[in-house]
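You will see two complexes here that share subunit A, one where it goes with subunit B and one where it goes with subunit C.
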Partner chain A sequence: MSSEQIIFYFFAAMVLISALLVVSIHNLVRSIFLFFVTLFSLAALYVFAFADFVAITQVVIYVGGVLVLMLFAFMLSNKELLSKINPVKGIIRVNHIVAILVCTLFLFILLNVIIKADFESLSWIKTADQINGKDNTVHQIGIQTMTRYLLPFEVLSVLLLMALIGAAHLARKEKKV
Partner chain B sequence: MSFFLTYVLVATALFAFTAVFTLFALYSERKISAFIQDRLGPMEVGKYGSLQAFADILKMLQKEFIIPTAADKILFILAPTVIFVSVYLGFAALPWAPGLIPASLNLGIFYIFAILSVETLGILMAGWGSNNKYALLGSMRSVAQMVSYEIPAGIAIISVVMISQSLNLQEISIKQGILSPDTMKFLGLWDVKSIGGFLSWNIFQAPHLIIAYLIYFIASLAECNRAPFDIPEAESELVAGFHIEYSGLRFAFVFLAEYSMMFLVGMIGVVMFLGGWNSPLPNIGSVKLATLTTGLGWGIFWVLMKTLTVVAVQIWIRWTLPRLRVDQLMSLCWKVLTPLAFLCMLISGIWQLTVMQN
Partner chain C sequence: MIPLSHFLFISACLFCIGLYAVLTKRNAIQVLIGIEFMINAAVLNFVAFGRFDANGGGGQMFALFAIVLAAAGVAVALAIILNVYKHFKTIDPVKTDTLKD
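Right, the complex of A and B next:
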C-alpha cells in the first residue's frame, strides 16, 4: 500500500469509528465533541478528492457554526429537561425497532443507487476535465456559481434571507398590548 | 523521504518560534504594562528581570497536573491541546519572505479562518470539561464574542481579497511590492510599480482599506480575548474565565495559544493590509532602497518587525483601555463594525471595477 492509501484508510476508519461512537455514546456532550472528529476527518477525505474548497467550507460551517450552535443549545437547555431523556441500555429494544427498520431501508436504497448508477460509465464523468492538486479550484467555482448555477445560488440566498428574517422576528420582544 | 523530513523540520521550527515568541511577549507585556502604570515590572530575575519568563516556564514545568474530581477528564485533558493546535495550524499558511512559505495554499486565508474557528470548540471543551461555573460562563462569553467578531473580521478580509483577486497569502504579498507583475497605483492615481515601498501597500493602493484594517484590528483583539474585549477572562467577575481550573503545563499551553494567536492575527493583518514581507522603503530616483531591501532575509526581518509592532500596539491597548460591557461589546460588533465592513466590501468592488481595471 502506498502512503496515500494508508492515510486514506486511516481517515476513513476515523470517520466510521467516530460516527458509530457519536450515536452509541451515552454522554451527550462527549458525543457532540466526537462529532467534531467525524466532521474533521471527513474534511480530510475531501482534501483527498482534490476538493480543498469543500473541505475548508466543511470546517468553517460545521465546526465553526453548526457544532458550536449544537453545544450552545445543549448548554443553555434545562438540566431537568435533559435528565428526562434517559438513554435505554442495550441495542435491540421495542422502541428501537422502527429506527432500525428505517435505517436498514435507507441503507438498502443507498446501496441500490450506488450499484445501479455505475459511476464509471456515466457520460458526464467520462467527459469531465481532470484536475490536479495545483489547480486553483476557487476560480472555477466562482465562475460556475455566477454563470451556470446562478439561479440555484440566488434561490438559496433568498432562502437564507427568509431564515434570517424569521429568526429576527422570533427573537424580537413582544409588544405590550 | 527528505520530502517528509522537511515538513517535520518546518513544523518543529514553527513550534519553536511560537514558544520563543511567547517567552519574549510575556516579558515585554510585563515591562510595557509596568511602563504604562509607572512601575518597574520584573527586576529580580536576571538583569532588568530579563530571565523572568524563563523562571515562569520552569515553575510551570514543575507544577502538578490537577484534575478536579467532578471534571470530565477526557475533555479537560484534551482542551488545551485542541486550543493550541488550532492556532498553531494557522501558522502553516503564512508567508515569511519571497518564496518562503510553509504551505503555499490557493485558499490560504480561508484555510486560516477555518482552522481558527476550531479554537472556539477547544474553549468550549475547556469550559465544560472543568465543571466549574466560572469556567463555563467564561467559555460561553468567549465563544459568543469570537463567533460574532469573526463576521466583521471576515468581511474586512474579503474586501482585501477583492482588491488582490487572490486567496493565496503569498500572491497577496507579492501584489503589494516591487515584485508585483501588475501595475499598482498609490491611492488609485499614481503608478508606483517601480517605486514600491509603503506606497504600494494595500491600505495605500485602496485607501478605504485603512478603515477595513481598523475593523480587522478591533475584531482581532476580540478574537484573542484581550482587553478591552476580555470579558471571557474578566478577573473581577470570573476569576480567570475558561482556564481557571488548569495548572502546570496545561495552563502554559493555554497561554502559549493566546500569545501565538496574538502573533497570528497580527501577522494576517500585516500580510493582508500592510504589505507583508515588502519593504516600507520606496525607490527614490536612482536610490533603489526598495530593490535593495527586498529578499529572503529582509523579508523575514520586515514581516517580523511589522508584526511585532502590531503586537506591541495590542499590548499597549490592553493596558490603557477599560473593559467593555457585554451589551456594549455586541452593539459595537453588530451596529458599528459589521455595517462598516459591508460598506468597505462594497467600495472594494467599485474600486476594483472602476479604478484598478483602468
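Right, the complex of A and C next:
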C-alpha cells in the first residue's frame, strides 16, 4: 500500500466518521464544528482527484462562509434548544428506525449500481486522457471559464446577485403594519 | 492512483448520511447540514469523473458551479430560517406546520 493510498483512506474514513457523528450527536454546536472537519477532509479528497482549485474553493466558501453563516443562524435562533438537549424519546425512535432502514436500503441500491455499472471498464473512461500530476488545472479552469463556460459563469453571477438581494430582503426587519 | 469506484463509494455513503439527517432531524439547521452533505456527495462525484476530462475540464467547472450555488442556497435558506424563528419561536420543522395565518 503506497503512502498516497494510506492518506486517501485516512481522509475517507475521517469524512465518513465525522459525517456520522454530525448526524448522531445531540449537541448542536459540536455537530456544526464536526461539520467543519467533514468539509475539510472532503477538500483533501478533492486533491486526490487532481482538483486542487476545487479543494481550495471548498475550503474558502464552505469553511469560511457557509459554516460562519450556520453558526450565526444557530446562535440567533436557539435560545431554548441549548437548555433542553434531550427532547421526547418515544416518538422519535420509531421515526429514526424507519429513516435508518430507508437510508441503508438506498445505500445498498447505490453501491449495487456502482458495482454493476463497473465504470472503470467503460470505453470512454479507458480511452480518456487523464489529468496527471503535472497538469496545471488552475490554468485550465481559468481558460475554460472565459471560453467554453462563459455563459454559465455569467448566469451564475446574476444568480448570486439575486440570492444576495433576496437574502438581505428576507432578513430585514419587518415593519409593523 | 486511487480507483474511481472508491470515490463513488464514499460519495454514496455521504449521500445516505445526508438523507438520514434530512429525514430525522428536528432542527432546520441540521436538515440544512444534511442537504449540504448530499450536495457535497454530488460534487465529489463531479470531481472524481472530472479526472478523466483533462482537456474539457467539465467536471471541475461544474463542481465549482455546484459549490457556489450551494453557498447561495444556504444564504437564502438561513435568512428564511431566521424569519421562521421570528414567527414561530422555534425552528423545528415538525412544529412549523401553518402557512401565513
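As a convention for this text, the second predicted complex is superposed on the first by the 117 of 177 C-alpha atoms of A that agree within 3 Å, B and C clash if a C-alpha of one lies under 4 Å from a C-alpha of the other, contacts with A are read in each partner's own complex, and residues count from 1 in each chain.
Here, a contact is a pair of C-beta atoms (placed from the backbone, for glycine too) under 8 Å apart; a residue touches a chain by one contact, two chains touch by 3 or more.
Just so it is clear, the structure is predicted and the values come from calculations on it, not from any experiment.
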Discussion item. Tell me the contact category for A:22 with respect to subunit B and subunit C: first, second, both or neither.
Written reply: second
Fill in: Superposition-derived comparison: subunit B or subunit C, residues of subunit A touched
C
Worksheet item: In the superposed arrangement, which partner chain does A:75 touch: subunit B (first), subunit C (second), both, or neither?
Response: first
Discussion item. A:45 in the overlay: touching subunit B, subunit C, both, or neither? Say first, second, both or neither.
Written reply: second
Practice prompt. Give one of first, second, both or neither to describe whether A:56 is in contact with subunit B, with subunit C, with both, or with none.
Written response: first
Item to complete: Using the superposition on chain A described above, determine whether A:136 touches subunit B (first), subunit C (second), both, or neither.
Response: first
Worksheet item: Is A:160 touching the first partner subunit B, the second partner subunit C, both, or neither of them?
Response: second
Worksheet item: Given the touch rule stated above, what does A:33 touch, subunit B (first), subunit C (second), both, or neither?
Response: first
Worksheet item: Touching subunit B and also subunit C: which subunit A residues?
Response: 53, 57, 65, 72, 135, 137
Discussion item. Could you list, by residue number, the parts of subunit C that touch subunit A in their complex?
Written reply: 1-10, 12-21, 23-27, 29-30, 32-34, 36-37, 40, 43-44, 47-48, 50-57, 59-61, 63-65, 67-76, 78-83, 85-86, 91
Practice prompt. Name, in rising order, each residue of subunit B that touches subunit A in their complex.
Written response: 72, 74-75, 105-107, 110-111, 113-115, 117-118, 120-121, 124-125, 128, 136, 140, 143, 147, 150, 167
Practice prompt. Would you pull the subunit A residues touching subunit C in the complex into a rising list?
Written response: 4-5, 8, 12, 15-16, 19-20, 22-23, 28, 31-32, 35, 38-39, 42, 45-46, 48-51, 53-54, 57-58, 61-62, 65-66, 69-70, 72-74, 76-78, 81, 87, 92, 95-96, 99-100, 102-104, 106-107, 110-111, 114-115, 119-120, 124-125, 128-132, 135, 137, 140-141, 144-145, 148-149, 152, 156, 159-160, 163-164, 166-168, 170-171, 174
Fill in: Complex interface listing, subunit A residues touching subunit B
27, 29-30, 33, 36, 40, 52-53, 56-57, 59-60, 63-65, 67-68, 71-72, 75, 135-138
